[in-house]
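Submitted below is the structure of interest, expressed as structure tokens.
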Amino acid sequence: MSVDKETVAKIANLARIEVSEDELESTVGELNNILDWVEQLSEVDTDGVEAMTSVVDASLPRREDKVTDGGYRDQVLKNAPQSEHGFFAVPKVIE
Amino acid sequence: MTKLYPGVTGDWEAVIGLEIHAQVISEAKLFSGSATTFGAEPNTQVSFVCSAQPGMLPVINEECVRQAVRTGLAMGCEINLRSIFDRKNYFYADLPQGYQISQFKDPIVGEGEIAIELSDGSTKIIGVERLHLEQDAGKSMHDQHPTMTYVDLNRSGVALMEIVSKPDMSTPEEAAEYFKKIRSLVRYAGTCDGNMDQGSMRADVNVSVRRPGEELGTRTETKNVNSIRYVMQVVESEIRRQIDLIEDGGTVDQETRLFEVATGTTRTMRSKEEAHDYRYFPDPDLLPLEFSQEFVDELAAEMPELADAKKERFIADLHITPYNASVLVAEKENADYFETLLAVTVDKTGKPVSELGKLVSNWITSDLFGALKKLGKTISENPVSVENAAELLNLQVEGTISGRIAKEVFENMLESGNSPETIVDEKGLKQVSDTGAIEAMIDEILSVNADKVEEYRGGKDKLYGFFVGQVMKQTGGKANPQVVNQLLKPKLDG
Amino acid sequence: MTDLTKLTLSEARDALHKGDISSVEITQAHISAINEAKELNCFIEVTSDKAMDMAKAADETIKSGNAKGMTGIPIGMKDLYCTKGVHSQTCSHILDGFKPEYESTVSQNLWDDGAVMLGKTNMDEFAMGSSNENSYYGPVKNPWRAKGSDKNTVPGGSSGGSSAAVAADIAIATTGTDTGGSIRQPASFTGLVGLKPTYGRCSRWGMIAFASSLDQAGPLTKTVRDAAIMMESMAGYDPKDSTSTNIAVPNYEAALNGDIRGLKVGIPSEYRVDGMPEEIENLWTQGKEWLKSAGAEIVDISLPHTKYALPTYYIVAPAECSSNLARYDGVKYGLRVTGDSLDDMYKKTRAAGFGDEVKRRILIGTYVLSAGYYDAYYLKAQKIRTLIANDFKTAYQKCDVILTPTAPSAAFNLGEKVSDPLAMYLNDVFTVPASLAGLPGISVPAGLSAEGLPLGLQLIGQAFGEEQLLNVADVLEGAASFNYKPTKWWGE
């Protein structure tokens, strides 16, 4: 399976990373190298094999329903590039 | 018989499915220990986990798991003892992680069926596909600033149950009844407060149309519809829009739409125009959720009585009419009020439940509900205490006042806030049951109205009411109706 | 007066507990050494004031008789760990200026035990790399150079700053993180001991995530004993991490009894890869001999799916990272590049903030999870991962630990492999399988290459079998007697 410029542009969009027209060319090459290399996995017979859900052989631990966190807005907003009136502020979105 | 919608070129059928998002009642969020209460100051119920700071990890809240199971049990669905949490990846300002933790292929609750009652008296079964747990997103406010959107993450991470129906509905009414039923179920089960104004319950409405017998058409999804009425409007307008579009030669786009309250119709949601590739995969920060059948059975055993069972019991044991039973169980608070009032009334009168059920339920459904509606209040805001309401009923059962007078007394109770005994005393509204006095009164009336007596005896049965009216007039409405009838009829008949 | 920077952790501990030296003294000595070694670029933030405060507090603790193994020991902390109020950026531009308001569990464990923070060490951005050439703060220079050469070599990656620092004796020990080999391979390139514990042994809370099902915390130290002491402090169950395992942390140092008689050491045939340098194969054979002489039994084993481990890793890890790194969007912390719209801001911020390797892996990861490709790539890889884990389970029916080389070469020169991502990935060929299976692995310095650069041998253990693993490693270390140090070319 290999990718072309159009596909890479789509993936870059899904990943919200701007890739310039020049970069697109080299990125296609790099990704194809890697994809060609991982292609060998299709040789492996995985019929009847369960996909690994976790190396940890346990089920999900559950915690008590208690309010033990939150309530420190200043700390939460401290590293924000922009915050106003207690909100995170971002360029306006039009729905 | 599926309803048909007439178009220019022939008839159409509508196929409707609902994805209901119900916020779970719990103290803390699904995967973090932040609080969930509505209406807090922005970002004050946000931890490092729910603001997706680097290195933060999710830990699941056991109560949210129980609430999902309870809801599944209330809907009669299959409970899956093992389920997986997946990440649903997309970018949006109110989604701090850049993914939502949800369940994709292996949800906690599986298939079930919901019975809904339609206005024509028929019952329809609507299938439930699944219920899964997922995180709610935060809130973006686009109208607070000219160039910026403000983001509040208080709601980010609150537990949601997504209840997905099968596409078994075909009319706005069916969609509304299904939505109402689910709302009632979760309120009964205590797993969601169903408060649509606050956003704790909302629906994504999927609509498509097709010619009868043909394959499914392309569906549209209208997101975040937060009232029963709006759901009906969405369904109606979408059916119409799609039929018109296709008949005009166009095709329906598979898209996401938003409901516009002002126009009562839907429009395309601009920001979600591109097809989403959510790239679901099992969340590697979480392990499979597993619990035993014992765990489920324990929850089932502690479940409160649900609407359908309650209705059956009201009819069978309390001898109330099916209609009244339906009305009362539609909202848990009403059913609870009924049983409370009934119990107190039983106490006062010493009569058994089976005898009083009808009286109490009738009083609630006609008198009380009528009054509450006029006042614009809900049952939890009822100005009349249970004590006083029970006393009012007791006075009737005792025969101290008639049903008619009771209505007068009730009006007064609402205005003055006084107890019924006080009002009856002050206004001298005690029923007159003295047979002697009434008999004398009847004799007088009959003698004064001899001509009418003749007419009555000649066949004009309708005049009976005139005589009763006269007795009532003379007693200021306080004559005991049964006594009047007992004495009047034989005298009139002669 | 002994040069305090030449002490091992256990030597320093003993001296501190005896009162022969103070934490203030040994911390100061290391800070001076750090300042002299700026050229190596091991530390991207030196917290000297904080270090002195912590050292003073540690001295108090020692005086009161409550000292633990790590009390007073000056260590470097990999920049991947969130340290409260201190630079924590995984050496990425996208986390510019980020100072967390919380401390990672593992670093807190060390501070609770009285360890002293010298500063944050350099690393490959977001732990993606095998040479520390992917850091926003520039590459790290390995204190080791080939004989007679003045070319700089790489210290390995992603924990390159951590490994170089200990090798240059400017930190007694450092923390690293290992996802596909990022502790073990740098240890091998710099002549150190590097331990990656069983997945779930250490908490990941507060560790900036790369690949959640693989990331693990671990120490880089001068000796196996040092690793045992430090591991005991770092490890432990954390209810804030759902993948953390609730098993008590034993006294790892106490497990070093030197006795491996009857122990079965597995030698996997598939690790003999094409084009493997002869000297590495010879070292591996030498390792077998050493263990045999100590009383172990050598067993040939097969791990049939070994060759698929690297490609499997390069599907699973990018997939997870593509999702883990979605939160770096300019909204809540770090870099923001303004845009005309929200989407524009995302795209520009992430393009400017992430380095090339990170972007590559995010794109691969996004692709392998996308509609139409999920089954063929991600799901397939997760199934093969099961097969790889099963290979080990089967092998452990025949042996107790497994011996392999750590890396397919000695440290290569800076810039040599940087333009060939695939060549770079191949560095992890021996370390990745244990990561995929969640098993513990340790690299022990075993010899020098013909050019005089360190070569390590890896031991892979059973799940939560760190005691046995450390014990074998201790014996191997003793037999190898790697008493070499890099010739100091930096400073002045």
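As written, the chain order gives the labels A, B and C, with residue 1 at the start of each chain.
In this text, contacts are C-beta pairs under 8 Å (C-beta built on N, C-alpha and C of every residue); 3 or more make two chains touch, one makes a residue touch a chain.
All values derive from a computational prediction rather than experimental measurement.
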| item | value |
| --- | --- |
| Middle chain, criterion being Cα centroid separation | A |
| Comparison of A-C and B-C by number of C-beta pairs in contact, larger one | A-C |
| Whole-Å gap separating chain A and chain B, where each centre is the average of the chain's CA atoms | 41 |
| Intercentroid distance (Cα basis), chain C paired with chain A, Å | 24 |
| Distance between the centres, which are taken as Cα means, of chain C and chain B, whole angstrom | 58 |
| Junction residues of chain B - those touching two or more other chains | 48, 51, 53, 59-60, 91, 93, 149, 151, 277, 279, 284, 286-287 |
| Chain A: positions in contact with at least two other chains | 14, 16, 54, 56, 58, 60-61, 63, 72, 75-76, 82, 88, 90-93 |
| Contacts with 2+ other chains: residues of chain C | 98, 100-101, 213, 239, 242-243, 322, 326, 329, 331-333, 342-343, 346, 366, 370 |
| Complex contacts: residues of chain C adjacent to chain B | 81-82, 88, 90, 95, 98, 100-102, 104, 204-209, 211-213, 239-243, 319-320, 322-323, 325-327, 329, 331-333, 342-343, 346, 366, 369-371, 374, 378 |
| Residues of chain A defined as touching chain B within the complex | 14, 16, 53-54, 56, 58-73, 75-77, 82, 84-95 |
| Chain C - residues contacting chain A, complex | 97-101, 199-200, 213, 239, 242-243, 245-246, 305, 308, 311-312, 314-315, 322, 326, 329-336, 338-348, 350-351, 354, 359-360, 362-364, 366-367, 370, 373, 376-377, 379-387, 389, 421-422, 437-438 |
| Chain B - residues contacting chain C, complex | 48, 51-60, 87, 89, 91, 93, 96-99, 149, 151, 277, 279-281, 284-287 |
| In the complex with chain C, residue positions of chain A that touch it | 1, 3, 7-8, 11-19, 27, 30-31, 33-35, 37-38, 40-42, 44, 46, 49-52, 54-56, 58, 60-61, 63, 72, 75-76, 78-82, 88, 90-93 |
